[in-house]
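Order of writing sets the chain letters: A, B, C and D. Residues in each chain are counted from 1.
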Amino acid sequence: MTESKESTVRLLITCPDQPGIVAAVSRFLHLKGANIIHSDQHSTDPEGGRFFMRNEFFLPGLDLDGLDGLRREFEEEVTNGFIMDWSLNPVWQPKRMVILCSKVDHALMELLWRWKRGDLEADIAMVVSNHPDLRESVEHFVPFHYVPVGPSLRDKVAAEDRIMELMGDVDLIVLARYMQILTSDFVSRFSNRIINIHHSFLPAFVGADPYRRAHERGVKLIGATAHYVTAELDEGPIIEQDVIRVTHSHDIADLKRLGGDIERHVLARAVKWHLEDRVIVDGNKTIVFRR
Amino acid sequence: MTESKESTVRLLITCPDQPGIVAAVSRFLHLKGANIIHSDQHSTDPEGGRFFMRNEFFLPGLDLDGLDGLRREFEEEVTNGFIMDWSLNPVWQPKRMVILCSKVDHALMELLWRWKRGDLEADIAMVVSNHPDLRESVEHFVPFHYVPVGPSLRDKVAAEDRIMELMGDVDLIVLARYMQILTSDFVSRFSNRIINIHHSFLPAFVGADPYRRAHERGVKLIGATAHYVTAELDEGPIIEQDVIRVTHSHDIADLKRLGGDIERHVLARAVKWHLEDRVIVDGNKTIVFRR
Amino acid sequence: MTESKESTVRLLITCPDQPGIVAAVSRFLHLKGANIIHSDQHSTDPEGGRFFMRNEFFLPGLDLDGLDGLRREFEEEVTNGFIMDWSLNPVWQPKRMVILCSKVDHALMELLWRWKRGDLEADIAMVVSNHPDLRESVEHFVPFHYVPVGPSLRDKVAAEDRIMELMGDVDLIVLARYMQILTSDFVSRFSNRIINIHHSFLPAFVGADPYRRAHERGVKLIGATAHYVTAELDEGPIIEQDVIRVTHSHDIADLKRLGGDIERHVLARAVKWHLEDRVIVDGNKTIVFRR
Amino acid sequence: MTESKESTVRLLITCPDQPGIVAAVSRFLHLKGANIIHSDQHSTDPEGGRFFMRNEFFLPGLDLDGLDGLRREFEEEVTNGFIMDWSLNPVWQPKRMVILCSKVDHALMELLWRWKRGDLEADIAMVVSNHPDLRESVEHFVPFHYVPVGPSLRDKVAAEDRIMELMGDVDLIVLARYMQILTSDFVSRFSNRIINIHHSFLPAFVGADPYRRAHERGVKLIGATAHYVTAELDEGPIIEQDVIRVTHSHDIADLKRLGGDIERHVLARAVKWHLEDRVIVDGNKTIVFRR
């Protein structure tokens, strides 16, 4: 069954686990006439743990005005007695997404290309880069903005201000090999809304030139991790990871090429799941309601 | 969280999808004081489709008598108005399981060994084989019965009768490379309770000596499929599948060895999921609520 | 080590296995002053089997004229006494490649995009399609030719003639979801030089609408196979295969989307290996000297 | 082709790369009347790099006396002019192997069970443990020795002396979750002959209780690494690595169970490859000539 997106809504809930949550939510949806299409839930511990829920439902005739009413009713009729983070997201309104990149295009092009195929539920508003190189490739798909970043912190802040001005309201920022460290101010403004991709190895090779060191160490797997960006570099909640097998006969250039391949696939999955409201952040980890 | 099994129950539901199922079930569980630990659901189509649900919940103090009462109450208070297949299964009572095998031991030993480690929620009552060869290996773990099968249909029926007599009541029969075709009478008596494993290839090689033919064809993957046994040979509902990569340098013996490895892992996963009530059969396919 | 391509040559050999082949070949290369960079070999059976070899070597100063001389010397000094198929391929001359496609772009775009990144050792001369739809996407990379195919066999032959005229000399034809069956005449003219991609399932679903039937059957894996095209449809030598895991919650559209993903990766690997002279055809199977 | 092991020998070579190695070796084998069954080679760089070679060949009638003669001839006729590490290993003489373990049996039992199936080319002389718990499980297969290790370094040295006395000459020591750190003296005595397995994560979790920390961090993959033991703990040359996918719904016990599964498979592959002379150590990395 391929569902139409019209009048379809996703309800995300996070709250301390306690008896009665599912009963209250499902009663509410039933009384409103909603058809539940998908439902996932997870409890870290039914006693004293945290509870997470994702419902995708169809409510015939629901539009944006109706959705506002539904939100008020949910607030009044369900959330009472629970300490609940929740949102009701209209599926027919794609999230507004912006991609930041630098010179390397593999992760960027995978996103643009999947988006063009209709595989990503997003409105990609623009691509912003601190280098002009990828303009032509990008403009084939969406607008491109070149925002150079100077060497000083003052320059960085100015560039971020310019990026925010260009972006306007945004639901998701994807760092597709954007080789600039964002200020903690910028990061906290878009909490759980910035996704980054980086290479991963077993063991980890912290510091410069990790592919060269992975090659010297003779690793048999190289991988990639997509995560939400937090103030601590590359330490935010992990959304997705994957690896690819390598051998002694792969040189450093091969490792980088294969690493790029695994990066683009991992990032594309993480972005797709975020856009489909499948990812809920719980402290420094994620709940991912995959299919 | 590692949950204790005492007073823990799994509720499985299959019914035509219609509004209100989840509300009715969750209200019932809430009113009875149950803590839902895990819940999974799936709808093939909210309009005119089929609905499947698995709930694992903890109800403090519940014992077998209490469970009987709960079943009556569920019947009276919930099922009314729905055409519902359902069961309430006590987690603290492991399923009674019997393994049938012939001469090859790889799938058998994987099951026995995982079971001994506490990885399979079963009471493995016995192993039955139509050959005596594996007696010593098996008796290290569980009782072994040798039930030879003669060449005639009459012999086969007699052997199956003997097996049923030995088994008594049984929740699951696993064919761990049991090289006998079961009668359709036997199969229908244990509907959705017999799991078989067989090799799988892309493309398929129907008939004799598939590994030789896969080798001649130069396939790059060999696989295995675990499924419930139905009257149609190897055509029952698929529970799990997996593959392993092979190359031109693997000879036929290598393919068989690697095929055996993938078979034992696929079968072990299918059996584990069945024992944990994660598999619901829907016509000729399965819903598998994996983690 | 990332090797320069200049003066680098690949030697491919197929012959009945017999003592002395490696000694003769390696002595020849040593006397000519060649540095062997990579060497792979395979024997189906040292007694009465077939032997396959791939050598990549560097011979300082070698150009196309020198290569012609080397070929003559190899013929005279090595092949005597062996029934040998062999070729010496200059790495600095990329193979001339043409892609045929129809309306679906996933496999095509993956190839174009990898090629643009420098990941495919080819000169992609053009893309030819029996539909005009993909012109714009393609012309961003390479020339596009629209060659419609009428309903009659006469039309098909005319279209193939037109394609051959457009292509000129060509080392590799890739069918990236080209939805036309080629004539056996065309196929035999480009023996072991046409690569096709198609979906693969366990079990196989021959005939129409395989994704719908895979969904109905509840398969847990869907896959793809890349192979050389022979007169027997989809039965040619397999170059590469892979699968992706699916669940009951994927609908038919999801299966098609995931199938498309696995197709584009499998095809890209097969094409890359062909271009790097890693694939040797042996009857109806392949030897693939992967890294 | 399943080759007989009689009169079959494996030649391993490591040396600085320079022209003429392959020519010299293949000429030698040809003149001696050897049939090469498999041959693999690798060069880190044809100019100034290192060269590695593995040849498996059949020399009719060769026995241990003949092998000694062949070694002398190889020394005299081939190694001159090269700085070569090499060995000629009779395939018909399985390597003598000892397993050290503690209380956990998953990796141990996988090895014993594969060995019993004929999948490991070894003579497993005994299992030694610093705990008596696994005696019964082991004695079903091979002799078991309990060698407790006291808290002081003196105790440890005494235990290692006792282990060496029990083992006698040994080609391979496998640490199947042996929870004792070996002295550097012991380690250096069995250089490149001790294989260990440990869990691996992305990112790495150094220190205590890594599974708990991996769970807190919400990793999506857990893995295992098999490596040769060197004086630096868990930093020796990597032989094999693999990972398994996990989700938010796996608790710490699940991660440990799945981690144990991946450990036993990775260790079994590493041991198998070592026994088949497929692994050559190059500084702190390995060349693995897999099939």
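Please note the rule applied: a contact is a pair of C-beta atoms (placed from the backbone, for glycine too) under 8 Å apart; a residue touches a chain by one contact, two chains touch by 3 or more.
Just so we're clear, the structure is a prediction, and the values are computed from it rather than from any experiment.
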Supply the minimal count of touching-chain steps required to go from chain C to chain D.
1
Let me spell it out: compute each chain's centre from its C-alpha atoms, then which one is farthest from chain B's centre?
C
Given the two chain pairs B-D and A-D, which is bridged by the higher number of C-beta pairs in contact?
A-D
Chain centre separation in whole Å, for chain D relative to chain B (CA means):
37
Let me have the rounded angstrom distance from the C-alpha centre of chain A over to the C-alpha centre of chain D, please.
42
Two-or-more-chain contact residues of chain D, please, as numbers and ranges.
1, 38, 42, 247, 249
In their shared complex, at which residues does chain C touch chain A?
1-2, 38, 105-106, 109, 113, 117, 119, 140, 247, 249-254, 257, 291
Flag every residue of chain A that touches chain D in the complex, lowest number first.
42, 200-204, 216-221, 223, 225, 237-243, 247-249, 282, 284-288, 290
Which residues of chain A touch chain B in the complex?
1, 19-20, 22-23, 26-27, 29-30, 33-47, 49, 58
